[in-house]
Structure formats: structure tokens, C-alpha cells
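Listed after this line are the structures, all set down as C-alpha cells.
First chain A sits with chain B, and in the next complex the same chain sits with chain C.
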Partner chain A sequence: MTTELVDRKIYEREELATGTDAVAHAVRLADVDVFSAYPIRPYTGVMDRLAKFIADGKFDSEYIIADGEHSQFEIAKHASSVGARAFAGSSGTGWLYATEALAATATDRLPLVALVGNRALDDPGAFGVEHNDAMLVRDLGWLIVWASTAQEALDTTLIAYRVAEDPSVMMPCAVAIDGGYLTHSQHIVKIPTKEAVQKFLPPYNLGTRRMHPDNPVSIAPQINEDWGMEIRRQNWEAARRARGVIYRAYKEYNEVFHSSYANPFFEEFMMEDAEIALIGMGTVTSAAKAAVKLLREKGVKVGYVKLRWFRPFPAEELRESLSEVRAVGVIDRDFAHGGPDDGGVLFNDVRAALYHSSNRPQIVDFIGGLAGREISIEDVARMVRITANHKGEGELVTWIRVREGNGAGMERKGGD
Partner chain B sequence: MAQGWRGKEAIEMATTTGVSKEEFKNAKLYKSVHGIDMEEFYTSGHRTCQGCESALVMRDFVKASGPRTVVTGATGCMYVANTSYMTTPWVVPWMHTQLGGGGASAVGMAAGLRALMRKGKIPDEKINVINFSGDLGGGDMGLGGISGALQTDYDMLIIIYDNESAANTDIQATNMTPWGAQTTFTPTGSKKRIMHDKWKKNVAPMLAIGHPNCKYVATACATFPPMDYMNKVKKALSIGGPTLIHTMDPCPKGWDYHPRYSGDLGQLAIKTGIFPLYEIIKGEVNYTYDARKTKRVPVREYLEKQGRFSHFIEDDFEFVQSRVDEMWNDWEIPGVAPIKGWLSVRR
Partner chain C sequence: MSGSSRGTKSEAVSTAEMEKSVLRLEVNYRGIFQKSLAYRITNDLVYAAHSEGKTAFSNGRYSDDPQRNGVPCANFAFFSDALSEDDLEAVASASMDIDRANVVVVLDDTMVKGLEPWGHYGIRPINEKVIPGGTLLIVSRRKPEELIRHLEKKTFDYNIAILPGDQSFAGLWYYRDDATDVRTIAAVARVAPEIVGIHSVEEYVKKKYNDAAKVKSLQEAYDSVVVREVKQSEGIAWPHSKPKLPSWDSFDEGIVVKSVERGFTLGPRGQNRNPNFKRGTSKTQRPVIRFDTCIKCTLCWYDCPDECFDPTADGLYDVNYEYCTGCGRCAQVCPVDDCIVMVDDLNFEDNSSPWEMYKRDAEGYVKWLEEKKGKVRFMPSPVTGKGVRHTEIKAAVPFKQDGGN
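And now, the complex of A and B:
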């Protein structure tokens, strides 16, 4: 799979790789010291691949098959606490099984990087993508970033370590990729050289919080009202500082790897002079871009914003990006039953951000693609129509491609 | 007739065989109390109850382990009462782990240190990795994680410190609370005298038998016999691989007695035979206080000194005594392997 098109100093080769393969390469290249595994589809491929690297002598790391996700993430957390770079990952209900450890990793300010292969939560059991799993930790002090191609998954994993381990941040980071659509689909991926990665990613240094006999500290002793506020506040400030570090990290990444990430927080597609904008995360991007292109050919002034960083949430940047549009349609591959106006999670975050925008566009929500259901180009085109025609009254939320009523047939109701 | 498990062979069947007397030659065991180090690595700063034996379990393991040690402690009294922000008693590095996270936390630290040493990122040396978890945290919630840890080949020691209740949350019954004991979850009442009608879970042998990588499992009491517990810590740390010690910790608050009697009650727990004292070294059981050979003190003398058994009537004392007698007289390996006939081979 090699071509001469890649710069040999930066990239060792090109490879046909799935999303999870790409992340495995990043983990190997980041010289991770400890990783812990537990099986659950669809993220598991990353561990299969890492195990094979170990078996083939291509990767030097401690590898632990845990007895459950709670242990898996406690192992990674405590490996990180002794100054070892750690990696773990999960999907759906497995990620939830680890929740207690996930929360403590964040409050312990340990810069673990984890892969979430997004999957619908039980019950009923389902393999398909839904974003609620990763979103579960959105308020807990995790950085959360979505990648939508295998190359982006590789790049983002390296960037995640760079941001998470920055001394001014020290927060864990979840790299989310859509189950099935990205975990299992193959793309051509440029695999960086170790040397280039070393240039980009400094060694992990936990500094004075490292658990080692030479540094006898007590970590996470019991607090009361005496210190809790200050500790939460420090974490809050770190999350704010993370924004600046994310800018710096992408700039450095572009310099070392000659990549062309513009705004790190989101990618703007045909947003110049757009009057209507859709915004979404993950692999819905391919259908969205295709639909936008087609509609542009027909003269519709529409653009698409692919959000990468969900935490920290780029409110100011979005206000700027969407300052000229008349209406915004948010694509939620998640649900938030009973939330404000019954919209999804992303909808209400975008809405909150745009409340302070000078032009305050109309905002509507689309809930779709749940449990892995496809979102087609046609579906996106319909979302654009509904967004464009919304008069600011009536339903704000449209379920896309859902059987309504008694479930007979795929009735397509609402809006258009 | 079915073939029952038979003594030493039964244990050896499930674990590694063979014990070498050489085993502990590098353990630097204490030979007399005068040899015990004066230096403390668990000092002032904690606010455990007077007479808290779990606190003594902490102080003694880290004394035996020395300064090149890293420790995690699961949630429980030994977290909450021990380590208040800004007043830590730990001289060695210590970190909290979640209630059921004990085993995994030790694996994480041991794996991290091994990787960093192998890759030359930190100097190569022996660092003792120790986790302590309570009877609820380690014996119930974290049992799966400890099982996972004992399946690895990392050098580490897990101590299940057993004060026989969820003490920190105000004395609730766990699966290691003794039969009949009053706790806030198992009060005595006018209709039901005995609310806690489970026999204590036999956690140490269960872990020893099921984990072929684990070369050392012991039960211990911090005060009796003298030095026994600290030497067990030294043995566990020197033998290599994952190891486990289960301690019996009198708790004045949870057991309801005056703090001055903690030492006496620990001693009685052993001498009555209600808490068997042994080590399992590579599959071989070694009684460190052999209640088969000594005249056991009647359990009543132990039980009636504790308020948690104040509701006991004659039948209850007799019942407990009969179960203890059965354990010492009829079990295949007293305290360790089950009663004859419980397990058998189908013909």
C-alpha cells in the first residue's frame, strides 16, 4: 500500500486501516507504557490490533486483560498515577460499567486517553452507534473529541495525548469514533514515523504528583466543604485553559505533519456566505457534506459544521462561525429525554452557545441515526429544508427516519 | 462412596506444588521485637477511633515494607478516618482507589512501574506495591478485581483488612460480618432476634485455591501472635507475584467494646479458633497458630465481650461453638478447605 506521495521523513507508509486500527497505530507511536483491555464491540478492534503488535514485538507496553471495565479503567488510572502513559477504551454499556473509575480519573486530573467506539446503551442490546455513551462524562472533567475518518482518528489520538498531558491541562481525554461506520470501515491512512511523533509529543511528566518513593505524596485524601470548591475550581480553570492548548496542539501538529487542520474545534464546509447551517459530529459528516454539495449546486446557500471538540465546547468560535446564518439545524445522534424542548444533547449545547450571539439564528433539532440507523444524503437534504422553512414556531425537534404511531411503515412526518 | 478432597493434596491440586524452606531467605524476617524498625511510615495525622486495629494493620504493614513502597487504599474507614486533606499520616506515597478498585489499582501501579523501569524511564529497583481494601471493599465489591489481580504476574500485596462491617458508613453488615452480629443493617428486634443469618465468607482460601499465580496467601491479626503479621507481610513481599493477606481487626465502634480490649479480642479470636490463622505457601498450608493442637478457648468468652452479640441467648452461643468445632474437627483442612463430603468426585 505504499506510494511515493507521502513524505518519508514524516510518514513511514500508507495503510488501509479501520478507525480502530488507526487509533492502535497512534497508541503504539505514542509509546504508551500500559494499556488495559476488556472486550465489547465495536471499540475492541483497537485492543486486538495492539495485542498483535505486542505479539509481533512491534510495541513495548504492559498489556493487561482486565476482569471488567471498572478494573480496566482503575488499572489505567493508577498506571497513569505512577507516571506511565496509559490507554484504555470501551463502548456503550462497557463505558458505563467503568463510570466510577472514569469520574475519579478526571477528578484525579490524570491524563489518560481512552477510545470510545460509540455504541447504543442497553437495553435492548444493540451494536449500532449512538453518542450517549461518551456524552455521559461530558460534565465530569473529561475532554471529549469526535473524529470522523480513520486518519483523523489517528491524528486526534496523538493530539489528545498532547493536550491531556499539557501541564496546564492534565485532564483525561476521550477520543470518540462512531461504532461501525468508523470503527469498522477502512480508509487509507498515513502512518507517521516514530521520530516525527516524538517531535510532536513530549514525554509524559506528572511532575510533583507522581506516585514514586522518591516523591512521597498523598493523592486524593478525603475533603470536606473546606477544600472542595477550590479543587473543583482548579479543574474548571484547567478546562478553560485546554482551549488555548488545543489551538497550540493543532498548530504544532500541522507544522510537524504538514497537515491542514484550520480551526481545531470544528471543520467548516461551504460555510462562506451560508444562510442555513447544519451542525453534527462524527460520520454523519459524509452524508452531510454530500447533501450540502448537491444543494449548493441547486443554489441553496447552505453549509455544514463538523464539530470535533465537544468538551471543551467551543461556544465562542461557534458564535463567530454562525454569526451570519439565518437558521441552524443540529443533528443529534443522541437523546436527552425530557430535556429543554425535548431536544438532544448537542442541540441544547449549541442553543445555549448561540443565545449570546448577536444575530441569534433560528435553531432546530434533528434526532436521527440512533442505534446505528443510517442517515442518508436525502435525510440531510430534508433536514436542510426543514431548517430553512422553520418560522420559529411549532416543534423544534424532528425525528429522522423513525416509524411513528403504531410502528407500521416508515412514515416520514413533520415539516416539509 | 464419593471421593472427598484429601488434605494437602487437595490444595496442591488447585495450586502450585512444592515448598522450599529457602523461600523466605531474603525476607529479612523479624526474629524478636527488638529487631523491629523504630522508623514509622504511618504516623500522626489520622483520626481513627482509639483502639482501632485496622489502623495498626496499616502502621505495621508499611513498617515491614519500608520506605520503597507505594500504597493505594480503597474507600472505607482506612481512607476516610485516615487521610483527611492536609493531614495525611502516610510517609510513603499513598493514593485513594475506589471502593471496589483495590486489586486493579495495585495492577495499575505495578504495571506502570514495570514498564517505566524496563524502558529506562525510571531507575530499576524493587518497589513494593501494596493495596489495602476493607471486608466490604475487598471481600465483596472488589472481589472480582482482586481475582483479576491475582491472575497477573505482577509483584504486589493486597491486604483485606477485615473489621467485619462496613465501618465507615456506620457499621453495616457485609458478607464477612460474623453470624448473628448486630449492625445498623441487621438490628435485633422483637420478632427477629438474629437478622444476620449468614456465616462469614471464607475469602482467603477461596482466593488461594482459584489463582495458580498466587504463591502466598495468609490470614493474620496485627497483635497476635507477636510479629506474626509483620513477618507475613515480609514473606508476601519477598516471594514475588501477587499475594494476599486477610487480617482480623477488632473495631471498638463496630463491635461495641471498650477500646482497651482490642488486643485481647484479637487474641481471643485466634485462641477460640473462630478466626483460623495460617499461610498458604505455594499450595501448602502452614498453621501459624495451630488451634488443632491447643485447647481452644470457648467462643463464648470472645462473643460475650462484644456488644454486637449482646442479644445472644444460650442457643446462639452453642450454635456458633458447634460451627467452630465442626471447622476444626471435621473440615478436610480446618479453616481452609471445606467439610468432608461437601465436594466429591463423581464416580
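And now, the complex of A and C:
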């Protein structure tokens, strides 16, 4: 005898799904009108699944295969400008090849939702996860959100459309999921019903901006110095307004799907009375949570913050969350060579946010998991130890699980 | 603490002291046709002033597009006998456009009708930047009064100076060396010796060109400049809209511009056109049309690259001068001798419909039009680089009573 595990009014079934399957379901359920594709691992999983949905008659959408990622994202951008709900996605250098279109999608204020299946940037060629690809668009007017489980990837893709298409936002949104770890591993995912999704997600409405024979408009004309600042300022305000919309979107999602997203921007794990906190994004969360639990059993007052929304960055909320801790360790699955104190991208964003904290905790950085390398529970435990013992002087960055030697060979490179 | 931006205390800074020694010069020219000429004038002025020990530099208005035929563009030059290069740059040129000038040079007198530079909208008066007591220096064969009747009335007195000469075309394709370059520099020395003295100009020109004719034209130009004060009571109420720039929170987001609605009816102004960008100030000449000799072949309407012709109910083609850039294509393709002729735009007061005038009084229109044509007829050559062909006027074709009906 089987037990009914899901609420049938909200969920049609459970499925053993990869992260890319989960995103494909969300795209189908959001009734996306146009999606464009060009194969690259790990994004390819979404293409395959959506093609199957169409072949099976479960999904009615224009599926356009481009000749490369630049065209792919141009297609999606233009589809969005005529009022079609659009989707596209890529990974690693494919995403970078689309950069010109990505920048224009943001400045044109078109609410495209895109998947970035995080992948190391070439060279050398590698499939494994690194976050630098999605981070490329962090300053361009893209919203960026990380999901760390397949269920969260599905939920977040639907929420991304809700936020991006809100009339007060109208910005593209990148949903990032770790290549390999999340895109290709299979977990039980609850698949919502279309009716429930329609309750949550209103139809895409571009209003008077919609390019159509009945509404002829020009998009993105050449402007001169008389206009540029005002247009950038509008976009800046929209990114600020997005914070409020994100709160509303998660509240509505919780109501429709009886889910329990508390703070939409990040999940706090064992942060009550924590003296030490680690913060990271993506699938490192599993190891981090396990390590925190084990250390708590030994009496170490440690907690973990799983950051979801990277843009807009929740500086105010993080200051609040980390107001009582004495030391913070940031886990960067990215690199920013030559950056401030040689830290990673996330490290310096978190550090900038905490600069204005009344209680400025010590903050150190861990660079790990690059090019798909694993981060283990023991690795996280080591990070906690280093964070707790750091005196705030000297090197702030520790490389995790990199093969270290005895330094022979460094002399001739002029390093000190 | 909150992450909101902290208020910055503004320091009371006055640039008045620095301003005292700053002199600004603007050179208005036509895109392509006069680009090289304008650059030579501002550059030579900088060199000549530099030879006097002044700090000076020049630049072109960055948002202009001097690679478009006839589009009004501007070059600037800045001078100071007290400031360092950095200070002069900071005081005079930290903006993309200037808001005032001691001398405004106009290399084509038809620009007195207004400027619609590429990338801007609305039409600006040519004397917009002239400061009280400053000078509007125009290369022209006209009398000051003929030009003042096109200028916006200002709230103060200033000067108009005429350097006798034709529109000189020294642009991207060829440099017609008619000495307009050195003559204009001499005229600047005449109206604003504080920018550069004529002796420094002479020394500079001698050294640069080693050409007796050039040096001679300097003195001729210096002596022939006519200067006259323009009283604040002189000029006209500006008939065009000027640029308005909205605040960031008062226009729609998303960089979308509503297209011109498709719309077409017969008659004057029958087609819908872009009200924000008309381009008509690009012209130096306008086509005038003898509707009475028109054979209704449609070629002017068909060939016009700017779609300025409006078919009328009687089969004729009215022209909307607000949008006409004066390219001369219609005059070139018209198969009837002297039916469409290009005429100096300064001969005309406004952009009203010629077809309406013709319908009101056909014979009066033809008489008026033939007077406007003047003594010399200009026709742009179809061969690039050959300049203009000056044609002595033939006896006008007599008015045809039943023409155009």
C-alpha cells in the first residue's frame, strides 16, 4: 500500500529528476512561449528534456536552435521584446560568448529567465562547477539567484519569472545551479500542477513596450550624453525595487505551494546563538550543513548561511543575520585574481556589506571547489577552525583542497 | 546601520576667479562638407594663441555626427592667459557641450535659421551661446539685417560680424582651398584680439603655409569684416521648440520609442512624420517647384530619400521643407527644365506649403518663386568631389495658365 506523499491539488506527482529536469519542468509549467538553445554541458539537459516534452505533446512552445550562444540569447531577447515569455540557458564559456546579448537584454529591461549551469571557464577545458560564469553579469542589471537542490531549482525558476516580470522590476534573471553536482544528480522532486502555477504566476505583460505590428515601437535607439545617466538611474532603482518584489514573490509562493521559504534571500542554518558563521552558495550547502551539525554536537557555536540571491545582494539582511557573530568565513567557488586582499568575488561582496555593520566581525575567505573539485564535510570543518582561530592579520585567503608542495620551484618565479 | 547613501556636504566652490581669464570660441559647420575646414580653424587658432604663450586647446562636440551630410556640428576652442592646461580643461571643457561663447563662428550662413544637431531634438538658435557683448561671426555675402531677421531675440546686446565670403566646402572628400581657413582666423583676431592678435596669426600662417597668397588674404579678411551691434530689441521670437530633457523618473523605462504611426492622406503634410527629428536644418538650398510646368511624372516623390513629398488630390507633389535636407535629388531627376530648381534657403522666411500658395494664387506664386531664384542657380553635381555647378539663369519659362490641372 502506498502513501499519498503530496497534495494532489498542488502537485501532480513526484519524479526522480536531475537539476536540469527540474528546471525543464518549471519552463513547461511557466508556459514559456519561446526558448532558444545551443548545446553545452551541463545546460544540454534542459534542452533534451524540453524537446521530449514537446515531442510528447506536453508542451507547446517555439524551440529554436541557434548557431551559437550569441545568436541564442539574441533570439531570446527579441522574443521577450515582442511579448513572448522566453527562456534560454548556457554554461561556462558559452554564456560568455553571449555576453553582448546578455548586456543588451539587461539594458533593454527585458525579463528573460536564463539558466546558468555553472561550469569552469576555459582554458583548460573543464566541465566542473565554478561560479565565475554567472558572476560575469553581476554588474550589468541581471538578477542572479543560486539554487542548491533540484526542488529549489524548480521553485526558483518559477519565482524568477514572477520577480523578473513584475512591472516594477522588468529585469532579466539568471538561475544558477552547480554543474555536475546539481545538474546531473537525481533527486525526488515534487512537480506542481499547471493550475497551481497559474495561480502563482500571472501572464507576461510587456504593456506599451511590446513590439507588435499593432504597436510599432523602436527599441534601444542610439542616445547621447543627455540621456544615458537617467536611463542607468532607472535601472538602478529597478534593482532596488526588486528586493521588495522578491519578498512578495516568496510569500505568494509559500501560500500557493505550502512551502516554507523564510528569508527569501538566504537560508540560515543553526544561526541562533552562533559565534562563527560560514556563508556560501550552491551545492556546498550539503557539506556545510553536515559539518555544522557535527560541530554543534561537539559544542562549537557555528552556523551556516546559504545565500540564494546574489543580485540584488541582501546587504541589509546579512548585516542583521551576522550581527552577533564574531567571525565569518566565506566560501568562494570562484576566483578574482588580484582582487582586494586576493579574495574571491563573494568574499569581497560580503566584506563590503559588513563594513557598515555595527559589530564588524573578522572575515576570512576560502577558495575551493574550483573546476568541479569536491568540498567535503572535513573541508568545511577545517574552514570553521581557521575562521575561529584567525586573528584578522596576515593572509585572509585559504585555498581548500589544492595540492600543496614544499615550495620548490617557486624561487625562479620571483614569488616571496 | 543602514546601507543607504550618506549625504555629502557640498562645498561652496566658485569658479568665478578662474573664469575671468577664460575665452571660448565655437565654430558651427556642416557635417562632411566643412569638417576639415572647421578643424583647421580651431586647431590653427590654438597654435597661434599658443605662440603668444597662452594656454589653449580645441575639441569637437562628441555627440555630433560630422559624417552625415549637412548636419550642423560644432568645434570648440578654449583660451586663457592665466590658467594651466588642467584648470582650463576643468573650467571650460568638463561638459560635452558648452553653454556660452565669446565668439560664435558660423561657416554657413543658412545655419542662422537654426540648428538640429544629430542626436539632439528640437531646433536651437545659432546665437544661443553668444554672451553679452560677444560676437556672432558669420561667413556670408548677406547684409547683417538679412541675417538678423532669422535670429532669436536675446535679452542683451551683442555683436554680429560678417566676413564676406561664400559657403566654403572643405570636408571629408576634398579641400577647396579658397583661403576661408586663414580668412576666418584673421576675422577672429579682428573681433576678439584678446583670443589672438593679428600679428601672431600672420607669423603662424607664414610659417605654416609659406604662401604669399594666404598671407595676403589674411589682411584682406581682417580689413573687410563688418561689425555691427545687435540690440536686444532685434531678432524674432523663436518659432521652433527647443530641447527639453526630462528627469529620470518622468519618462518610461525600457528604452522604447513609439514609432511614427503609419498614416497617409492626400495633400499638404499628408504623411505622418517624426515630430521629434526633422532634419530640415541640414539644408543650404531648397527645391522650388513650378507646379504649372509639372508633368506629374512622380519622380521627385519617388526618389526623395527623406520622403518629403506629399501627393495632392490634383496629382501634384507638395514638399514639406521642415523635413527636406536640401540634397537636390528631386531637382536632379525632374525631367522638365527648371521645374524643380535648388535655391538658397536664406531667401525664404518659413517652411509653409508651396502647393497651398500655388492653389491660392498660381500666377502670384510663379512670380514670387522666380524672384526667389535670384541671379545664380546652384546645382549639386552628381559626381562626388566636383563641387557645385553655377549656372547662369535662363529666361524664366512663362507661367502656364492651365498647368498642373
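The criterion applied here is as follows: the second predicted complex is superposed on the first by the 401 of 416 C-alpha atoms of A that agree within 3 Å, B and C clash if a C-alpha of one lies under 4 Å from a C-alpha of the other, contacts with A are read in each partner's own complex, and residues count from 1 in each chain.
Everything that follows uses one rule, which is that a contact is a pair of C-beta atoms (placed from the backbone, for glycine too) under 8 Å apart; a residue touches a chain by one contact, two chains touch by 3 or more.
Please read these numbers as outputs of a predicted model, since none were measured by experiment.
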Partner chain(s) touched by A:M229 [first = chain B, second = chain C, both, neither]: second
First, second, both or neither for A:L16, with chain B first and chain C second: neither
Touching partner for A:S61 - first (chain B), second (chain C), both, neither: first
Contacts of A:I188 with chain B and chain C, given as first, second, both or neither: neither
First (chain B), second (chain C), both or neither touched by A:R109: second
Which of chain B and chain C A:E316 touches, first, second, both or neither: second
Partner chain(s) touched by A:P216 [first = chain B, second = chain C, both, neither]: both
Contacts of A:A262 with chain B and chain C, given as first, second, both or neither: neither
Between chain B and chain C, more extensive residue contact with chain A: B
Contact residues of chain A, present in both the chain B and the chain C interface: 216-224, 226-227
In the complex, chain A residues that touch chain C: 107-109, 170, 208-209, 216-227, 229-231, 233-235, 237-238, 315-316, 319, 353, 356-358
Partner chain A, residues of chain C touching it in the complex: 1-3, 62-63, 96, 119-120, 243, 245-249, 251-259, 261-262
Sites on chain B touched by chain A in the complex: 67-70, 72, 79-80, 83-88, 90-98, 100-101, 103-109, 111-116, 118-119, 121-122, 127, 144-145, 147-148, 151-152
Of all residues in chain A, those that touch chain B in their complex: 31, 33-34, 36, 60-62, 64, 66-68, 70-72, 74-84, 86, 100-101, 104, 203, 211-213, 215-224, 226-227
